[in-house]
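There are structures below to look over.
What follows is a pair of complexes built around chain A, which joins chain B in one and chain C in the other.
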Partner chain A sequence: MRWGIRAALVVGLLLLALYPKVATGYGIQFMLQLFMWVALAQSWNLISGLTGYVSFGHVAFFGTGAYAAGILITRHGWHWVTGSLMGGVAAVILALVIGYPCLRLKGPYFAIAMLGLNEVMRVLVSYFEGLTGGGSGLSLPTLHASREIYYAMGMTAVGVTGLAYLIFTSRVGLRFMTIREDEIAAEAMGINTARYKLYAFLLSAFAPGVVGGLYARDQGYIEPISVFPLLTTITMIVMALFGGKGTIWGPVLGAVALFVLQELVWARFLYLHQILFGAIIVVVVLLMPKGILGILQDRYRLPRTV
Partner chain B sequence: MRDGDLLEIRDLTKRFGGVVAVNRCSLALAPGKIYGLIGPNGSGKTTLFNCITGLERRDAGEIFFRGKRIDGLRPHQVAACGIGRTFQIIRVFPELTALENLLVVTREPFEVAHRRAQELLRFVTLDRLQNEYGGNLSYGQQKLLEFIRVLMRDPELILLDEPAAGVNRTLLNELLAAITRLRDQGKTILIVEHDMKVVMGLCERIFVLDYGEKIAEGPPAAIQGDARVVEAYFGR
Partner chain C sequence: MNVIITPAMVGQVVISGMLAGALYSMVALGLALIFGVMRVINIAHGTLLMLGAYTTFWWFRLLGINPYVSLLVALPLMFFLGMLLQRTLVTRVVNAPELSSLLLTFGISIALVNMAQLAFTSDVRSVEFLTGAFLVGPFALSKSRLVAFAFAVAITAVAFWFLQKTKLGKAIRATSQSSEVAMICGVNVRRIHLFAFGIASALAAAGGSLVAVVVAIQPEMGQVYTFKSFLVIVLGGAGNYPGALLGGMLLGLVEQLSSLYLTTQLSEAVAYVLLVLVLLLRPTGLLGGRAR
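Here is the complex of A and B:
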């Protein structure tokens, strides 16, 4: 069983690695975006699924990474790979600065503070025109590197999921979970909850920053509205919830299922897909708050790591 | 401070708005004894626990543990000093298994922690439920799990907030035996409990709170005959 799953994983990864050899341009773009959503949903899972601190502004890290990478690439001539990695670093620095005060807030107050952060970041980026191009956006030098970006996105998605696996199967992961379960009891049992919350937050900020940088490179043009949209936060939350927050494979499953669905519906009915998305949120929250994997785990008494 | 006291509380005061929950309360615990803390509902017992463990900030007064000031420390720092507690309202981690509930609170190497957790689970006969989620256990079982979770960290001072409530007679006797054994190992235990049979049978010295003030202190026999205690419980 264990070996079967591992073998399937290896085969799956190999197929994904070979896919660009045969893929069309559309296929590459589709998979690249799928990887992006897996990385985003999984990152959100690292803070919100594990510690229960619901971040409603995770796209702030995405946008910060996009702008950090965009500026380094256009103004300082950095390679897009190192630029995107620095995008991740910039996102982590932002998380460090705002995590310290914001993680003291509980429940809805934290969610709202994060929502506000995203608005602040968008306005800041619009304001410093000299650096960011302001409202008219930032154009990156032309580059045809879809295949390379495909691999970079893919590795980021695999990397975050691997990180999630390591965390979920370790005692550090359990300590993160005690914050969600009962923060006061965790403190009384000697767990430094403030520190662990910050760790989880920093870990959850890195990949969105990297992915933001790769997105900027892939699109070739970014503007405040395109990299700080609330809809992106909502989408990653819905994906994680749909698949099962607080599980390793839930966010992957949710991202794949919803992104494929969205693409199918979107291609046929331009406006209907937003209605559908809204309907899915309602159904998930009302009927299956633990997501698909959560339900399966309850029914078949599977461990959390499956 | 008397030499050798493990915990000393001096003139501790805690207010909530206009309510003085703990009022200039002083007490000292010598190591290796079982102490009781009793009083009518709302007399400040749990608030006193919360002040000791750092969950509430005191308004005035000082708390010393092994001669070191601990008021003002964060709860996890107090825990790291060697103080463990249980809660009146159960606080096990519901979506962690019984075993994980224990493993998560120590920093010992995994093998050591695992062996210790197994021993403790067997000790309260929860070993066959070790992979069950904490939230799926019965009330009494959760109470026991919370009790052994405190022991995982091997604290010097153990604060138990109503350990007997909701635990059946057979288990209760085992629990009381376990508490006595801990005392014999040199641990100090402070118990809040409403079951007078338990308190009088177990504790060597009892503190009585009423409206946040310590109104009496002494061995069980003296407390039972104390006029102020009788008045606090039954009225004049």
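Here is the complex of A and C:
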């Protein structure tokens, strides 16, 4: 990275770190949710942008993390930081169990299997009432810690973006991207594709698990329909796509742009919210499938990964 | 659970499973058609089913028309809506990566659901028609489910006759085997896509009209059917049309049998485990589908 960009990044992060000193309650919540979407869009990018395997049920990891953390905090008295980290671990375990068989599927079949995984997780969480509270949800003990959660969420977003930077600019990243471009060629070049796909899947599952745990702590209440909605998966995909999937900064850019748009514009049209979102999806898919960074890459001389 | 399961109970669930399965088969046949000819997974399939159910509801509520007669309205209506969606939007993502078609059809789906909420409100509606059950020996057969079964079998039979015997049907099957070769043989593939989407939407609408009498109607009712249709076409072999019939029956039976031994809630999870097993052991589906 050039020095100017580095300096700008450091200054930006410093400003974000100091922001809670002057922020209102609404400002904190706004930024906290923005960090959440950056982390989610970036984590989706780590499997789907890198290897081309479309995770169409990525919210399953978010929900699993939320419930794992929620149960540890509520029933076992864990601190919310360690609880959320364990949420990440739970999501990785789920990814290991489901990724081993499902990553052998290709194209639409993998997408359907992931979509199904999310449905099943929601059913299972509703079923085991003793542990999860079932359909009536799980209430966490009251705690006022928005500022602390702000930092935790921010560090998760920065962490997963930093991870993306490390991977995209490394030899390992090249292996992942070779799988995306041509899996058979990757195999022929000696890349153990099964193993690398699983690595990418596990890496992409950790952050949504942690974010799910932090979300549970922030909201203080979770229920199956609020942490396993298909809409959340779609939102993170559209954010990554809008900014430019398969790039480092695309998901960040897309998350910021769409989240700000959502808060400032759509909130005024509550009844038309989903029609507008549907229209945005259609526009992004049809007119700019490469995203903002993809378009800039085509037009100007930018590095391939950005 | 220590419930004693008698042979009569097993018979009852097998019958219920087949009654439900025929409907799944019919609805999933539509999804299989779209996937077969275009390789597109239509997330909006269940949404079209919901629109079919509302068509039946409003004709029944406002004009007092028999729900089964309203099939004559719902089918052509959704046929043309399907063609319109294909013509304006879906045709643009036919050869794109699967992510594009998944997102696009999801976008169509939430926009339509939102419009239905605005137009019809989110109130849960029902069509009070043909309640009660026939008692045959030890079995109770819900009248509305039995009639729905009969209609589903008849409509599916017509669809199959169409696919097997008519020139257009043969062109659809040829396109799903290989669109390049079909094109070389003089098939207008874009027109086939249009008809396939129209027929698929009509099949979904038929499902909606028939379940309108059986289950509660509300704008979000479709998603469950989209998911079940996925299960069915993967079980039977995607792009394999007889496979959709077998898959539908199998899903109906598995759901009902697992609700006998476990609980209704878990039957969806059981169906998913079945899906993953089939994908792993016979990746081309039970009757074989296109290579993946």
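FYI, the second predicted complex is superposed on the first by the 304 of 306 C-alpha atoms of A that agree within 3 Å, B and C clash if a C-alpha of one lies under 4 Å from a C-alpha of the other, contacts with A are read in each partner's own complex, and residues count from 1 in each chain.
By definition in this document, a residue touches a chain if its C-beta (ideal position, glycine included) is under 8 Å from a C-beta of that chain, and two chains touch if they have at least 3 such contacts.
In this text, all values refer to a predicted model and were calculated from it rather than measured experimentally.
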Just to be sure I read the superposition right, which of the two partners does A:115 touch: chain B = first, chain C = second, or both, or neither? second
Of chain B and chain C, which one touches more of chain A's residues? C
Does the superposition put A:191 against chain B (first), chain C (second), both, or neither? first
Output check: A:181 vs chain B and chain C. Expected answer is one of first, second, both, neither. What do you get? first
Determine, under the contact definition given at the top, whether A:238 touches first (chain B), second (chain C), both, or neither. second
Let me test your reading of the model: by the given contact rule, A:64 touches which partner, first (chain B), second (chain C), both or neither? neither
First (chain B), second (chain C), both or neither: which does A:55 touch? neither
Is A:171 contacted by the first partner chain B, the second partner chain C, both or neither? first
Could you list, by residue number, the parts of chain A that touch chain B in their complex? 171, 174-175, 177-178, 180-182, 184-194, 246
Quick check: in the complex, which residue numbers of chain C touch chain A? 35, 39, 41, 89, 92-93, 96-100, 102-104, 106-115, 118, 223, 227, 230-231, 234, 238, 263, 265-266, 268-269, 272, 275-276, 279-280, 283, 292
Considering only the defined contacts, which chain A positions touch chain C in the complex? 48, 52, 54, 56, 101-102, 104-109, 111-113, 115-117, 119-120, 123-124, 126-127, 230-231, 234, 237-238, 241, 271-275, 277-282, 284-286, 289
So in the complex, the part of chain B that touches chain A is made up of which residues? 53-55, 74-76, 79-80, 84-85, 87, 91-96, 100, 103-105, 110, 149-150, 153
